[in-house]
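Shared chain: chain A. Partners: chain B in the first complex, chain C in the second.
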Partner chain A sequence: MTNFLQTTFNGILTSGVYIVVTLGLALVFGIMRIINFAHGELVMIGAYITYWMFILFGVNPYISLILDAGIVFLIGVLMHKLAIEKILDAPSIDQVLLTFGFSVLFQNIALILWTANPLALSRETVSVKIGNIQFGKDRLIVFIIGVAIALILNFILSKTKIGKTLNAVSQNRTASYLVGINVPLFYTIAFGISAALAGIAGGLISTVMYTSPYVGARLGLRAFAILTLAGLGNINMTLIASLILGLSESYISVYVPQGPGWAEGVSFLIILIVLAVRPSGLKGMRAE
Partner chain B sequence: MMERNNIKKIILSWIIIFGISASIPLFIGSYYIHLATSVFIYIALTIAIGILAKTGQVSIGQAAFFGIGAYTAAIFCKYFGSSPFVEFVLAGAVSSIFALGLGAITLRLKGIYFSIATLSFAETLLVISNMERKILGGATGIAVPPLFDNKILPNYYLSLFLAFLTLIIAYFVSNSKIGFASTVIRHDERVANSIGINPTKYKIVAFLISAFITGVIGAYFMHYVTFIVPDEVFGLHISVAILAMAIFGGIYSVEGAFIGAASLKILEEYLRLKIRYGHMIGYGIILILAVLFMPNGVIGLLTKGRKGFRNPFKSIIKRS
Partner chain C sequence: MKFKRILILILAVSLMSALVVWGCAPKEEKPPEEGTKEPIKIGAVIPLSGGPFAEAGQEQRIGLLMAEKEINEKGGILGRPLKLIIEDDQCKSETGIAACTKLITQDKVVALIGGYSSTITFAEMNAISSYEPIVVWMGASSVKVEHEFGPKKWFFHLHPWDYHRQSTVVEFFKSLTPKPKTIALTYEDGIYGTTSADYFRKYAEEAGFEIIFDEPHKSGSSDFTSLLTKVKAKNPDIFYSVSYAGDYIIQIKQAKEVDFSPKLFTIVAPLFPGYKDSLGKAGDYIVGVNPWASTLNIEGLKEWLDRLHEMYPEKKDIEYWVPLGYTNLMVVAEAINKAGTTDKDKVIEALENIDMMTPFGRLKFEPSDEGGLHQAFTNLVMVQWQNLKPVVVFPPEVAEGKVIYPVPSWKERD
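What follows is the complex of A and B.
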């Protein structure tokens, strides 16, 4: 029973990072209808920034989050201005190939700079114990920050002027032009925010996972699965979908023989099942 | 379709290229023959993804079918002792069956679902093949006896044969109803529907053909290298290479696949020697630049001249 509670708790804690990664991906997809296959790699960049800030200057990983957000925001804006913006009206095959190209580029730059060795932030890890459940303090903090960011983003998107403008742009680009919205500017902002979220997610995971050039790719796949399951425009659904993925991975890791391996396949299974059951796609992602 | 005169020209030029390819081993050393063999492997793989790309769908997990082909061949060889050439067909068939399942679910949807699902599929197979020790050999890999006693020349000619067979199949497909339907679907699915073309059906057919060829080549690769670990066949680098070759040469043309695979495979070998980690960076750069500046690839530049270039700095956002 203790084991079961522990496993459940681990799953819940993991989902905190998934939420932040997915929100960034969903933001760009919702507004520009582009799936950024390099999103995971932006996460990876954030993780490396936090890692090196800690190793070189001893900066606390949670303070580095601001830096992660800033730097990756700039990378995102550059990427958008130099490339993504040019192919907004191109066939989707071009959009896929372009963002996938960035994913390959970032991954290999990381490989060249830091090789494939997984790096761990070696800090004193404080364990927290509640009853029979035990977990690292960092994992709890990461979860709390993850959920907090989800709620803040939800607030920004639904209540502030910038959020409402983004919403308008995503609904009808032409009409947004007509009412005087600077559409290219808001696309850039949206892409930048999405990248900043990826950077923050990266900073968070560097404290609880190994940092390697491939860490982003694995998280990216999970974010695709959560996005498929949750659909767009509903933060609560994203929270629930992240929990479903986090928990199922956690249970499979523990209760299935060779579980940690099979757990990697859960994302794919989710994508396949959702698409099989709801062929028209989930809410907000219809086939047309 | 094509004019008669044109067909003659095309056939003649391919015969010349075939002749040159068949006689190269006389002039080059064994290292280069190995390189040429892998060039032909990738030519076939790139042509195969092109058949699918013609419908407007892009698979970023072609490694899945390559790996399924390789493992199918290995398993049949190991447990049933079948002849390699039976294995080739079986490998293609098994790949197609997986493609049918995946395609039936994801190809009904337009857009990016198919790409996401294929990527995820390949990554999942990579994990499973790394983990499953009893049948697939796990991370330590799986071995089969070599073809032709591991002699280098027969292997070279078999790869040459497979590449040109793929080429011929691709020509037939692109001049058949499938090719016509694919082009219409890529441009506008509504138009396709209105003239009695079922987009889903043709997308699946193109995917099956593509997966079949990729599976056969996977089986050949298995016998060519005789020993594989999962990452060699299911690894992302294979899917990346195929995509970069396809877009660089010209993703909608058979000739483009040939040019793209031949030039980039050689570039890859060069970079591999120069850069210890991360030599795939070349593919990333090529993918980005090709999409931005020459979406029709080298072939687009050759056939359309300056129109083959896309000027990304002109008109940033058009009306939706």
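What follows is the complex of A and C.
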């Protein structure tokens, strides 16, 4: 029983990492209908910022999150202004190639600047014990922040004016132009926020994993699986889908023979099943 | 419409690759005549960008450049300058094949050196075996490479094979007192992890150990707590993980998080750069198998390290790829010198008879267990992190200190 509770808890905490990585991806797809293959690399940049702030100035990684969000926001805005904006109406293969190009570019810049060495923050690992369950404090914090950001984002999108405007833009671009919405500006903001979320995700990940030029790419696969399961672009469902993936990976790791090797396959399996059975995702709405 | 564009794209790419191949085609060039001052060319293919191996490749490059500089300062090879041509395989088989082919057909190098990944090596050697060039390879530890290319007369190999690594680990476990009984094994599910596990299982069972946990994992995962929870429930004497640097960092930290304290936590290659910075005190007591340590008592090693620090004063952690890269170029230069010519058969003969001291240890090519004709290094050491310092603890003849076993549990350490 202890083992089961511990396994469940492990899975829930793992989903925290998935939530933070996927949120930005879901946002930008929901509004702009673009799958940003360089999202994982923006996460990686955030992780490096946190790492260097910690090493050079001893800044607490949770305080660095503000800086992560700010810097990666600017990178996102630049990316959008310089390139993404120009291919919004292009065939999706062009969008894939362009964002994939950014991903390779960022990876190689990171490789030149910081080598492929995995770097981890040399902070004391704090273990928390509740009853018979044990877990790392940082993993709990990542989960809490991840859920909080998802709820805030959902609130902004559904209740505030800027959120409603973004929704309008995503539903009908031409009509938004007609009613006087500055569509290019809102696209830039949306892409910037998505990048900022990636930056925050990176900062959080550096506390529970490590930083390397490929750390984002490895998490990217999970993010795409969650996106498919949640129904592309849906923020609330992203939360639930992350939990499903985190928990199923955890249970498979523990209760299936040779499980830890299979656990990652869950992501692929989920993509396959969802596409075959319910291509619209959990929510039942196709985001197109 | 879309389809047409993709077709055009494919067409363009194939045209371009055709042009590249045409450009690489051998040009009629006369080999330099004996007695000229034409440089002697040696080509190295190593991973310098594009993937997780690039870090090791950068270390190899340092060693290679140091050797090139020293050789040329001493007057080159056979009185001719040495020209080392380094190509980047970008951690990709196809790039590696192109680089090897270019070095052989265009640059007409005397020998091909370098190498890291087993998978890429396999592809490269397959592609160039028809040329039968002299290959002196420092990388690839998978026995699959040995089975296929080890028996070739032109293939020389420096790095220990994976079974050398696993037999060292098992011998070390046997040497512990009180003798451990149960072992939990986990390995990354690629070619490296699975072959290592196969050999480990074989040797461990022969030695009478009971493997009570035996499961693969995915490298690059953010969560090993589930795996560690499962292992913890089995309560093994020894936990042995075969994976990569980043995975070890998470596994060790998360072992502390879930309070998993085996009597010994063992990994492969525990001296990666940044180990101490990433793990701090949590990295203490971890034991790992490594082909080399800078503290080993090897003739001339101290002087070599001094020269290295003079060339690269900012370099603190030295991975074994630096001395191995240095050795790789040095042995080829020595063989050409001994042969007195760049003639292929004579150089191969000289390599077969070579016996020299290197910063990596004494180098002689001998047949190895699974069919290799020319294997240089077979010995490895076990290193334990003690008080933030790596200490060689096995085998006894080279050990600098005693292994701490059983190690204190996480609770006892605070």
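By definition in this document, the second predicted complex is superposed on the first by the 268 of 288 C-alpha atoms of A that agree within 3 Å, B and C clash if a C-alpha of one lies under 4 Å from a C-alpha of the other, contacts with A are read in each partner's own complex, and residues count from 1 in each chain.
Here is the rule we use: a contact is a pair of C-beta atoms (placed from the backbone, for glycine too) under 8 Å apart; a residue touches a chain by one contact, two chains touch by 3 or more.
Predicted, not measured: the structure shown is a model, and the values here were computed from it.
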Practice problem: Check chain A with both chain B and chain C modelled on it and let me know: fit or clash. | Solution: clash
Practice problem: Tell me which partner A:E249 touches in the superposition: chain B (first), chain C (second), both or neither. | Solution: second
Practice problem: Report for A:E85: first if it touches chain B alone, second if chain C alone, otherwise both or neither. | Solution: first
Quiz item: Does the superposition put A:F268 against chain B (first), chain C (second), both, or neither?
Solution: first
Quiz item: Regarding the shared-chain residue A:L98, is it in contact with chain B (first), chain C (second), both, or neither?
Solution: first
Quiz item: Where does A:N3 make contact in the superposed view: on chain B (first), on chain C (second), on both, or on neither?
Solution: second
Exercise. Please indicate which partner A:Q258 is in contact with in the superposed arrangement: first for chain B, second for chain C, both, or neither.
Key: both
Quiz item: Between chain B (first) and chain C (second), which does A:L119 come into contact with in this model arrangement: first, second, both, or neither?
Solution: second
Quiz item: In this superposed model, does chain C or chain B come into contact with more residues of chain A?
Solution: B
Exercise. Examine A:N108 and indicate which partner it touches, taking first as chain B and second as chain C; both and neither are also allowed.
Key: both
Quiz item: Of the listed segments of chain C (39-47, 75-83, 165-173 or 183-191), which one clashes with chain B in the superposed model?
Solution: 183-191
Quiz item: Residue overlap on chain A between the chain B contact set and the chain C contact set?
Solution: 91, 93, 108, 111-112, 115-116, 218, 258, 261, 264
Self-check item: Interfacial residue positions of chain B with respect to chain A in the complex
Solution: 53, 56-58, 60, 102, 105-106, 108-113, 115-117, 119-121, 123-124, 127-128, 130-131, 186, 236, 240, 243-244, 247, 251, 275, 277-281, 283-288, 290-292, 295, 312-313, 316-320
Practice problem: Would you pull the chain C residues touching chain A in the complex into a rising list? | Solution: 2, 5-6, 49-55, 58, 186, 189, 215-218, 220-227, 229-230, 233, 245-246, 249-250, 253-254, 256-259, 272-274, 277-280, 282, 410
Quiz item: So in the complex, which bits of chain A are touching chain C?
Solution: 3, 6-7, 10-11, 13-14, 17, 91, 93, 108, 111-112, 115-122, 124-125, 127, 129, 134-136, 139, 205, 208-210, 212, 214-215, 218-219, 246, 249-250, 253-254, 257-261, 263-264
Practice problem: Please name which positions on chain A make contact with chain B in the complex. | Solution: 33, 35, 37, 83, 85-98, 100-112, 115-116, 172-174, 177, 183-184, 187, 213, 217-218, 221, 224-225, 228, 258, 261-262, 264-265, 267-268, 271-272, 275-276, 279-281, 287-288
